[in-house]
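Two complexes follow with chain A in common, the first pairing it with chain B and the second with chain C.
The block that comes next holds the complex of A and B.
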């Protein structure tokens, strides 16, 4: 029924199967929309946030998806600015994943604020000293850039491409894409960094606070660095998941290995910097504020924030995947590579988790205890909402757009359609 | 600089913990004065709004050495470094401001869009969110203070040292042809309500005011108190608060900060 829209030379499931798949994911999406509407109309009392936990699951999800969406800007930088031409076979997907991540982040932010109708105040009454202001401006601008990067892919749909105007528009947009890739990298540097600065500047919160360079705390640079390292890992992770779901090889190993190798080196250098930062914070910054390292990791209910979380983030999900991706023997093994990128993705999520949640859980006043938090179903549903939206957009894009340029070559159809 | 400039005030508080009985009159007065909303069941203190909150501290020792102390906690009106208090610098919409003329950290509820970044920034938990719209018991809306706007759901609010009282006092002084306020002309509701006289309020920059005489703020060291019995909460963080606490008990003074290693100084004559 929709075969005229499907790219030439590739095979897709039947429209019935596809509709069923979309219906299942769509049901999850509607669940999230229902929760979102509850939050809008009844207020944030629908959440389990409280006066001690002003930032919670949503802000973590926001920071995590933005970090993981960093694959778009970094792959674009490598492809268009550093001339890694081989990455043109995966850049479409990186852009699509980035587009989903950033639109999700904006959606979550729109739910998260107490007065959504006043959200524009962040632009109108902007406080230049606030990291969130920088986040808002750069995030919005970069989402515009990602949209511009995604549009040519949409225009490459078989039917749209038949129209000369759109065909030429796509061609011309591809011609100037390097400019947008450079703009995207510039904007990403600042908004990834300023997201790191969100907790790094909180000098009233010793767990999050970091010293730094000029007005930027070290977390500013660490966040950008980690996004450049873990973003491509997420691109590879989702690519592999898509391959498993479609039972097809979609990107050649040489392309995947190249991106994995670069991500590995970025991750290795990042984790060295992260370890130095952690040691300096534990030995100098925190004691100057009256706290020791173990004050941040002990005596909390159920050891939810025990030292294990630091070891998991830096060791298991930092050093280990970095070494795995840097070592050619391990990297070339698809299963080991998948484990490594999965660990790196978990590491980025863990880092954002502690820098949002643990910052507020740790007692600062000596006569207060640890603060606990468990998200409500409305928070969970609204966090899953963007995941469902992402799956639908990926499904639609995969079905109707030439997302993977190597798909046809890797999966020849007998008798060629 | 502050003390040389006659127009620059630094309003602050001295709370004598030896006198505080934990009666809660300050909390009640604050709520009534500032139209602070409450709910039928306000037992979950992490969801309720209290601009002034009284903490109960213990020395952790068994009977008969056990001792307790009540610690009223209004907004600490942090100056930070040059007015960069923890919450002011992070607000993306400039909904909170450090007033250099009075040293008071303001909050503009109609500007706030509820991102709650300021709450994450404040180590004292003085910033609280309106999780619900205020619902006043029948007839109570007629008793609300007309000088203080009520706040709606989805915005952050906090103590502002009864700033509306400052505005009323300065208006009155202006009509009287004066530019300066007398010490008693501008007092917060909590200071006036305290039956034990534990809360003193005034201009920390003014050597004739009681708060200055008692706290003896050292302007060369970020306002650190010279009075050996005085301390500020979380001194080490550098938030530079304007609420000073007094206690004759060392364990209480130590409870104010994390591992403070302070050299107790003899007040200058």
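The block that comes next holds the complex of A and C.
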């Protein structure tokens, strides 16, 4: 029925199976949309945010998907600026994943902003002293870059590509893609960094506050670094999930290994910097504010923020995957590589969690206790909404667009059609 | 965002911040415009009918 739209030389499931799959994921999507509409029409009283938690589950999800979507800018930088030509076999998917992550981030922000009709104020009446203004500018512009990078892939659909104008447009956009990739890297550096800077400049919140370089706290650089390290890991993670779901090899091992190796070295250098930052913060910055390390990790209900979370983030989900990805013997093993990239992805999410949620949970005055927070079902549903949207967009792109250039070669079918 | 917004001040903060924004938007806008105009020109010239080369 839709065979004319499917790329040549590849095999896809029947339209009935595909429709059933989309319907199942679509039901989850509709659940999220319902919660989103509740937030729009009834307001932010649908959430469990309060005076202690101005940032909550949504902002964590926002920061996490932006970090994980960093695979697009970093892979693009490696491919177009540093000339790692082999990565052309995975760049399409990195862009698609980045596009989903950033559109999800914007969707979450559109709900979180509370007054969507005034969302344009941040551009029109910009506060030039705010890290969040820089984030809004760079995020929006970079989403534009990702759209520009994703559009040629859409135009390469078999039927659209038959039209000479779109074929020429795709060709021209590929011709100057290095310019867009460089702009994307510039924008990503600043918005990833500014997201880290938001917690780093909170001098009233000693858990998040960091010293730094000029106007940039160290968290500014750590966020960009971790996004460049964990973003490609997320690309590899989703690629492997897609391969498992389709029961096909979609990208050659040499390509995957190259990206895993680069991500491993980025992760290793990041985690060394993170450890130095943590030690300096624990030994110098926090004591200067009259606090010790254990003030941030003890006496909280259920030990939700015990020392375990620091060990999990830096050790289990930081040092361990970095060593695994750097060691050639472990990296070349697909199962071990998958475990490593999974740990790295969890590590990035955990880092964003503590830098958003734990920062607000820690008491800052002597008479205060730890602040608790449990998201409402509306917050959870609207956070799952982008996941369902991402699965649907990946499914549609995989079915109708030439996302994986090596798929045909790796999965030859009889007759070649 | 614009010099005619009531809160605009000609200081370093506005020039760096807004300069960066308009620089990025300018590159994206000019790049995209170039691609579209060239695609129209190429199409008028009869290019793009063979589809003999891949991208990526």
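The working rule: the second predicted complex is superposed on the first by the 417 of 417 C-alpha atoms of A that agree within 3 Å, B and C clash if a C-alpha of one lies under 4 Å from a C-alpha of the other, contacts with A are read in each partner's own complex, and residues count from 1 in each chain.
The rule is simple: contacts are C-beta pairs under 8 Å (C-beta built on N, C-alpha and C of every residue); 3 or more make two chains touch, one makes a residue touch a chain.
The shown structure was predicted, so the numbers you read here are calculated from the model rather than taken from an experiment.
Of the two partner chains, neither chain B nor chain C is touched by A:159. After overlaying the two complexes on the shared chain, residue contacts for A:51 are found with chain B alone; chain C is out of touch. Looking at the shared chain after the overlay, A:290 reaches chain B, while chain C stays out of its contact range. Residue contacts after overlaying the shared chain place A:168 against chain C, while chain B stays out of touching range. Contacts of A:126 after superposition on the shared chain: both chain B and chain C are touched. Contacts of A:145 after superposition: chain C is touched, whereas chain B is not reached. Chain A uses residues 124-126, 129, 133 to touch chain B in one structure and chain C in the other.
Interface of chain A with chain B (complex): residues 43-45, 49-55, 112-116, 118-119, 121-122, 124-127, 129-133, 136, 198-199, 201-206, 288-292, 295, 359-360, 364-368, 371. Residues 44, 46-47, 55, 57, 71, 80, 84, 86, 89-95, 111-117, 119-125, 127-133, 152-156, 233-234, 236-239, 255-260 of chain B are the ones touching chain A in the complex.
Remark: chain C residues 1-2, 5, 7, 13-14, 16-18, 20-21, 24-25, 27-28, 31-32, 34-36, 38-40, 42-43, 46-49, 51, 54-56 touch chain A in the complex.
Chain A makes touch with chain C in their complex at residues 88-89, 91-92, 123-126, 128-129, 133-134, 137-138, 141, 144-145, 148, 152, 156, 161-162, 164-176, 179-180, 183, 186-187, 190, 405.
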